[in-house]
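Just below sit the structures, each encoded as structure tokens.
Both of the next two complexes hold chain A, though its partner changes from chain B to chain C.
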Partner chain A sequence: MELFKLIVGSVFIFTGLFIFGVATIGLFRFRYVLNRIHVAAKCDSLAALFVCVGLMFFSSSPGPIIKLAVIACFIWLTNPVASHLVSKIEVETNENLEDECKVEELP
Partner chain B sequence: MSIISEEGKKTLTSFSDWVSANSPDIPAEVVYPPKKDDHGHGHDDHGHDDHGDAHCDAHEEAHEEAHEELRSSAYEALHASDAPPAAPAAVTAQPKEKETVTEEGPMTERTFVRTLGAGYRLIAAVCGVLLAIILLVTVAFLPRFGSAENPALNEVSRRYLEEGLTDTGAVNTVAGMILDYRAFDTLGESIVLFTATVTVIFLLQQSRRKNDEARALEEEDLQQGVRSLPARVVIGIAFPFAMLYGIYVVLNGHLSPGGGFSGGTILGGTLILAHLAFGEQYTQRFATITRCTGILSVALLVYMGLKSYSVLTGANGMESMVPLGTPGSIFSAGLIFPLNICVGLVVACTMFTLYSLFTKWKA
Partner chain C sequence: MPILLFLLWLVFNERITADVIITGVIAVLILTWFLSRFGGWSLKRDGQFAARIPAFIGFVINLIIEMCIANIHMIALVLSDKPNESIRPAIVKHKTPLKTSVGRVALANSITLTPGTITVDVGDNCVYVHAIDERARKSLENSSLENKLINMEKGL
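Right after this comes the complex of A and B.
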């Protein structure tokens, strides 16, 4: 059982770390603000969730598990919204948006 | 006392004239030595007229207008570094204030202000020299800087770490240090925040009346908050929890890392978040600028009252009346618990007041 927990937890944590790495590379490779926000928001949320779930397997008492669950919930609530606000401002204020991506009329 | 001269026009473009034209309460004579009269006629007139006008209520309105005009044009002149815009405004501003001067006895007033300025300079020089002597004498008695045997590097930190728990009763040694041994220092830090708030209120209140069309649109945004639905929903969910967390950090300051400063920052940031999301009409229900400055002052006064024995004895720790309690329980560590609450309130109110002042009254 302990070995099983160790393996599953490690798999989750390493998946999270891999996504974090991809996000970091993408943050430097992409050229436009919206692409970068996409990478930062999606990958960060997913990677943080994986790391939190992985760490849950390493704790035996329920206290840390609840705390990690709360942290994951909080990140999944706030991170997308923050990115949404930043990208909304970018769409509203950037005048050269057509050069960067295909623009459809906002409703 | 005459209409501004040619040299007056010329000197008005300099920064010193802009300052003297913009500060009706400080007579120009105090700021500038009267000896520099050769290019100083311009300011003499200014300082005097402003001074005389303070007694005249009938011309308050005209004076306000003229001053506004003078101020804005002088400002432009300063930025364009060009004389022309400033001069006409100064000339038009002058005649409206001329008759108020004649009945006040201008010469005596001017000499009075001059002697006052000279006295100020004398006292300032004496105080400065005295302070320098005191500091130099003190430095002569200090141990060599940076030496490894200095008591500040050994005895003080060892005493804090070894005796801290029995002296202060705080499990968190940092809280014991900043709110017991060095409570005087923390009081100074809180007063810095208070002074910042007061200064911002003074500076921004002058430009409060300027409200144009562009401001009206922004005003609506400030009133209603951000228009994005997800942001409103999520901030509405997170707001009470963030508030609760801030209160926890403040109250648990003597037991865990955190305390008044960090917890107060969380509380202030949460209030700012609520202001951003739901607008002023929502935060006004519980946190107005007046209420926040009131809480700020009361918290500072309570801090001073609780810690006054420490201030009176030169922050040389004395026994306090409050029992220290069992280390580790929430009601322990004597005065640190209420002091943490005071500091937290000060920080939170300062943050929120500064934010709402800057959004409400644009400079």
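Right after this comes the complex of A and C.
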């Protein structure tokens, strides 16, 4: 049972770390703010969920497990709001938006 | 809601003693008064939300599955040879039949959580979405998440 928990937890944590790594690489490979947000902000929320789930397998008492679940919930609530605000400010203030992406209709 | 807040307080403390419980009850009472005065909280609204918990759990599971699929696509895009040339970003207007503000906020947040699409702004009957390529735009048009939200919104 201990070995099983170790293996499953490690798989979750390493998957999360892999996604974190890819998100960091993507941050440098894309050129424009709105394209960067896609990898920077969103891959992070899934990776954080994976790492939290992986850590849950390593804790024995219920206290830390519930705390990790609460952490994951708050990350999932705050992360989209933060990236949404960054993108909103960018769209409202950039005058040369047409150069970077096709705009069908603006708010 | 007061019970949820109290449980959160107990989880943060990790022990049940008299002083923790007394402080928690006082803080929860103050917060409940504040929410009912400024946050539009009422017992009726709590009941409406509580009745939707099973549907909401299904929604979250669906969201996690969609996120994993879209994330694999995103990873392939980042690790491809020329990421800047292969994407075609665009801002599109997506019409939504969701009426309540809670439903629209949930839709906007789930769109932003899915890699490949970001909500730029939320209007009265539409959301403006920045999509990174064609595939993300297609997934926006026929997503099962919106149908689930429409079902959950009925009677709210």
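Here is the rule we use: the second predicted complex is superposed on the first by the 105 of 107 C-alpha atoms of A that agree within 3 Å, B and C clash if a C-alpha of one lies under 4 Å from a C-alpha of the other, contacts with A are read in each partner's own complex, and residues count from 1 in each chain.
One rule holds in what follows: a residue touches a chain if its C-beta (ideal position, glycine included) is under 8 Å from a C-beta of that chain, and two chains touch if they have at least 3 such contacts.
Predicted model, so just to flag it, every value in this text is computed and none were measured.
When the two structures are aligned on the shared chain, A:Arg29 is found in touch with chain C, with no touch to chain B.
Within the superposed three-chain arrangement, the count of touched residues of chain A is higher for C, of the candidates chain B and chain C.
By the touch criterion stated above, A:Phe74 is placed in contact with chain B alone, chain C being left untouched. In the superposed model, A:His84 lies in contact with both chain B and chain C. Of the two partner chains, chain C is the only one touched by A:Ser45; chain B is not.
Of the two partner chains, neither chain B nor chain C is touched by A:Leu6. Judged by the document's definition of touching, chain A residues 77, 80-81, 84, 88 lie at the interface with chain B and also at the interface with chain C. In the complex of the two chains, the chain B residues touching chain A come out as 226, 228, 230-231, 234-235, 237-238.
Residue ranges of chain C in contact with chain A, taken from their complex: 8, 11-12, 14, 64, 67-68, 71, 74-75, 77-79, 83-84, 87-93, 108-110, 112-116, 118-121, 123, 128, 130, 132.
The touching residues of chain A, when paired with chain C in their complex, are 19, 22-23, 25-26, 29-32, 34-35, 37-39, 42-43, 45-46, 49, 63, 66-67, 70, 76-77, 79-81, 83-84, 87-88, 91, 97, 100-107. For chain A in complex with chain B, the residues that touch the partner chain are 74, 77-78, 80-81, 84-85, 88.
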